[in-house]
Amino acid sequence: MEKKEKIGVYVCHCGTNIAGVVNVGEVSTWAAENLKDQGVVVSRDYKFMCSSLGQELIQKDIKEYGLTRVVVAACSPHLHEATFRNACKGADLNPYLCELVSIREQASWVHTDKVAATEKSKALISGGVSRVVYNEPLEPLYVPIHPATLVVGGGISGIQAALEIADAGYRVYLVEREPSIGGHMAQFDKTFPTLDCSACILTPRMVQVGSHPNITLLTYSEIEKVEGYVGNFTVSIRKRARSVDEATCTGCGICWEKCPKKVVDNVFEAGMGNRKAIYVPFPQAVPKYPVIDRENCTFYIKGTCKACEKFCPTEAINFAQEDEIINVEVGNVILATGYDPFDARRITQYGYGRLANVFTSLEFERLSNAAGPTGGNIVLRDGKTVPKVVGIVHCVGSRDKNYNEYCSAICCMQSLKFAHLVHERTGAEIYNFYIDIRAPGKGYEEFYHRLLDEGTHFVRGKVAEISDAVRLPGEEGKLIIQVEDTLTGNQLRVPVDMAILSAGLEPRRDAKAVAKQFGISCSADGWLIERHPKLDPVATVTEGIYIAGCVQGPKDIPASVAQGAAAAARILGKIMQKEIALEPIRASIKEEQCSGCRICNNVCPFNAILFHEDKMVSEVNPALCQGCGTCVAACPAGAISGTGFSNQQILSQIEGLMLLNIKSHKETVPA
Amino acid sequence: MKEYAYFPGCSLEKMAVSYHLSALETTKKLGIKLKELEDWNCCGATTYFYIDELLAYTLCARNLAIAEKTGLDVVAPCSACYKNMYFTAAHLKKDADLAEHVNFALEEDNLQYNGNVNIKHLIEVFAQDVSAEEIKSKVTRPLEGIRVAPYYGCQIVRPQKEKEDVEQPQFFEGILSAIGATPVNYPLKMRCCGGSLIISSRTAALAMVRNLLQSAVDSQATVIATACPMCQVNLECYQQQVNQEFGTNFSFPVLYFTQLIGLAFGIPPKKLGIGKEFVSIAPSLLRAGQSKD
Amino acid sequence: MSKPKFAMYWAASCGGCEIAVLNIHEKILDVDANFDVVFWPVAMDAKYKDVEAMEDGSILLTLFNGGIRNDENEHIAHLLRKKSKILVAFGSCACEGCIPGLANFSPVKEIFDTAFSTISTDNPDNIRPQTHYAMPEGEITIPTLYPVLRTLDQVVDVDYYMPGCPPESHQIAAVIDLVIQVLQGKAELPPKGATIGAGNSTVCDECKRKRNEKTIKAFGRIQLIHADPELCLLEQGIPCNGPATRSGCDARCPSAGAQCIGCYGPAEGVVDYGARLIAAFASVIDSDKPEEIDRILDGLVDPAGQFYRFNLAGSLLKAAKPAWKSNGG
Amino acid sequence: MTEETKSFEPTIIGFTCNWCSYRAADMAGTARMKYAPNVRLIRLMCSGRLDPTFVFKAFASGADAVLISGCHPGDCHYISQNYKALRRFHLMKRVLTQLGIEPGRLKLLWASAAEGAIFASEITKFVEEVRALGPLNWPQPGEQVSTPIMEEVTA
């Protein structure tokens, strides 16, 4: 320590929240007497430090005593660190020279022994004082924000986000893997609980996206590479070859009419219907241009056919078309890549894939859709028999330790919707097998009551098995659903004609790879993690990367739309500011001490560390660095230092916490 | 040559001697040696664990300790023996206190169990340790056209060992396909045969047997294949009582899977213990076996 | 004008440092030409009482090698501190404990048992040396062993540190040159507390081997690995201490195909040498599964020995618990 | 537990990450869950910042035990840095064991921001475990070492 710091210590009562357990007066006096050698020149306690009067008290002392460091012993830094730092800033003290010590969450609220809590508070303050001596004044890092935005995923959430930003006058690149935008919502017939026609409300939005002057729509495309940092990302996008020239194609549809090759459509029709080898996934597709599925096209397999080319009136077919790599510069990114439905085959005892008349929810969506393979007729797998009894199994793959422990949030309402549609179109008898009915949205509970009034049976119990092993009279040709009705305690065998598995939602198969590509975190399940589960639901830990919709966790359409809009609003705010201040908690490498051993190089998940082959040294890119400090700890030469959490700060804090900085302490140690 | 420590269990000494014979014959054909454990004792069967748990564990552990000395994996053809030994080993691994108690008792016999034995059911040997190709290569008389109901019973896949499918397993079907037979879709293949309920609650057990037989008839099988002496006895020997009780008319052959494999391998039926059953097997089955001769 | 006085002393050390000094060849004549060697037990006869009689601060330069293991070491350390203007902790033992410091893993009783009662010692009556013994001529004494070995700066104030086991002769020569130039007014001394005769970076800086981003799938002992002569040893799973060890030796060991064992000690500003290596090695282990991590770590047969071979006495913990406890307290 | 260790109050230095485990401590506070007052926490940005130096420093400074806590594996705020902490923890334990420090004095605890209750109960449990181990009393600079022990061993 070259020059002696002047430190002020401020102990908050927080009403009785702290003072009720910790003897704040004693703590304050103790600090003044015992931490003098550390540089404490003033120590005070006050009823509410965070009040404007409390803050003024600190500011006055900074001026009068010429304080160079401030320690506030109060609540958690997550609550009021910003408050006290701003107070210091107001008195022309660099905000990072203020240290918060939590004696509420870590002492008064969690301990009952008043003496022990008081002693612990002293130690914590002693640690804070020892640490603050080594705090350094820091300035935030400013980087400019590129006004364009990348939206990944053209489901309803991505569509909403893209439109919000484009309407505000900024460029959006919307990237979608499938040939058309629309996502899962385009596959649905009705939406709960209003029973709006899904296509009727979605299609206008899709058209708007397709024709918006500020939206560059890249379908049948995937992200190749992401580089850069908030405000300045460079993204490479692979635009897969459609084999159709978009400039000349009019979307007239002659090509797919004439194409002789039928293919089972496992994506949009969930395997319930066919498409051609050249196709648009559905009539309202945006963009309207078809793609040739090269794996199934006769020309690509056998080298002959070219029916589409022969009939195309505008000569738009281009068999030689190649993938194209497009590089775009964007300031921010929204990931709205959605979900995969749970694969019901995994629950073998439910018989999906083995028993013909067991359907998944997505199959049923197509079955009930007027534009679907049966024209909206709800029939068995034979394509004609109308079921008389239908069983709907809830929580398939959800709330189950063997598969996913979480609740998929939408299945109850989806099941109720199915029950209603079956009732309305077939008049069949309907059983819902549920664990709990979860209907927390607006109008959802009312919809449930409507179903109860329609005479749908509700059996509370988790289905054990769906089988074709009939035994009793009347069961012939039926599926038997075996379940315990937990409200009556009875085992039931319910014979049905059709079973619908209300499959849960799962993260996309490649969610972890996407998270890695964009440098954000992903839960063990695979859902991407938001910055704060309550207060920051669409931002992520990586500045400039936002998430919206089911990529963050299962949610219904209104919630997905809200998140899309919220992410857009967050980004618009950033674009308006033109530049962004980054937290100055960063690592840096002292070049003369770095020997280029490269231990740190792949310790960083944000790729913030570059190795210069010429100089044989590594360097941290401060804009990419997120400040975790892992490289600081990993550097064998001690050549990396981290602001805000330097070795000196922590080592000194340890001594402080152990009261080694106090002279009288030595006497109390037993010899 | 693969070698296993073989724990036949009490049933195979008498009642299920045909299982014993066919197991030895078929494995021999595949180049597998089943080396019978020396001085083995009863596994405790299904009931002993409900009478004195500690002694029941000790009983099983004694066999495990003997097996451990051989350094081989243990194979049990009986599902109950397999299950008892498997979960005894699992419990001893998890519960150090139990292991200490058990080893204290085993000391009397100069034995000790250290938890290093793998326990397999005989059918696992055919399903996992031997490939379908190896089985196919030994088939001289494929059981073409024979529809077989693969009856797993309730103990082979319980408890779940790792991540294998315990709800709709397919390995039994795989073995049957390998010998040229047609495994039928047998929806009750995992249901209980009644076990020892046949003694304590006869009617209930007979109803369970009836369901299993009816399901086999409905799936148009010609024979039920089992992998457990208890299942075999319940399904076969009680058919008359089922008929009396429910007015049915079952006469349905129930064979050990090893007997079917033996037929396909061209082993003379007598060597497989065929001819000792209560319900004679359909002549068509024997013919299928011999037709390629 | 009389020449400035020079002293060199060996405490708990092997004598290698003295040989390294002699190994500077004809440069040793410069020492004689510029200094009056007043005390150097290994090279000339001198008595402690002669040193005690000298005026305080009268020796200009003392190179002190060896750690402080007994009361004699400590006495001379204090004595030379008092008599010297510049006291240099010379060599790894004085700087950080070095090999004699490895005894800090064991309690003194074990050390004595090993020395006097194991099979390699012919001592049928199990005779142990006594610190005080009455002879007809009077009481004789031998030094008393302490429970742990300490580094020089844990006992007295040290002006400069010169690491190495032993320090490289060319570095010694350079330091002697520097001191002579200072005497002639041609150069200035570095700030007190500095490390002299070594580089500011680590061994990797001087190592010519090619290196990549590191991930370690397995550690192995060097004799069991057929190592690529061009590639970084650590990347090949050979636990090389180079990344954490101060430069200055021209990467002698890695250049000769052996891993660096760390004799030049920690780099500038490092608080605990072993901790640096623990953090670095562990960070690049290529596994996230506890069992697999353990399996990989099994390849490091003696981690504490690997990381603290030269540094135990100078580390934060200084000694293992049994050594401290041999004090009886 | 001996009579001596019953009355012994260990001092434990704990390291938390900013995002999960420190928030778990906050959560325990907000929910007024009670736990033993023996742990003094140091906040780092990430468990990946945990330098083994800090652990050795804590022991050398007189701490009886050290707690390292971070986000659950797979949930790291910085994607995967807690795995680095995990690896270092495993290696540190080995080194500490060789230095005669019981491995039970170093604990790794994964706690999410929602796991205040787990954080609190694990601390109380840890304090009891350390209490049973007894004091570590690592000598401070200048303490003990100068006492010669020769008489004892030669006796």
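Order of writing sets the labels: A, B, C and D. Residues in every chain begin at 1.
One rule holds for everything that comes next: contacts are C-beta pairs under 8 Å (C-beta built on N, C-alpha and C of every residue); 3 or more make two chains touch, one makes a residue touch a chain.
On a predicted model such as this, the values are computed, not experimentally measured, just so you know.
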| item | value |
| --- | --- |
| Maximum centroid distance from subunit C, chain identifier (CA atoms) | B |
| Contact-richer chain pair [A-C vs A-D] | A-D |
| Whole-Å gap between the CA centroids of subunit A and subunit B | 50 |
| Centroid spacing, where centroids are CA-atom means, of subunit B and subunit C in whole angstrom | 70 |
| Whole-Å gap between the CA centroids of subunit A and subunit D | 33 |
| Numbers and ranges of subunit A residues touching at least 2 other chains | 603, 630, 633-634, 647, 651, 671 |
| Interface hub residues of subunit D, defined as touching at least two other chains | 51-53, 57, 73, 80, 84, 88 |
| Residues of subunit B engaged with two or more neighbouring chains | none |
| Pairs of chains in contact (touch as defined earlier), listed by label | A-B, A-C, A-D, C-D |
| Parts of subunit D lying in touch with subunit C, wherever the complex brings them together | 51-53, 55-57, 59-60, 73, 80, 83-84, 86-88, 90-92, 94-95, 98-101, 136, 138-139, 141, 144-154 |
| Subunit C to subunit A touching residues, read off their complex | 200-205, 211-215, 232, 234, 242-244, 247, 266-271, 276-277, 279-280, 283-284, 329 |
| Touching residues (chain side subunit A, partner subunit C) in the complex | 592-599, 601-603, 611, 616, 630, 633-639, 647, 651, 671 |
| Subunit A - residues contacting subunit D, complex | 76-78, 102, 104-107, 109-113, 116-117, 119-120, 123-124, 127, 515-516, 519-524, 529, 533, 541, 585, 603, 605-606, 626-630, 632-634, 642, 644-645, 647, 650-651, 653-655, 657-658, 660, 666, 669-671 |
| Residue ranges of subunit A in contact with subunit B within the complex | 347-349, 354, 465, 467-471 |
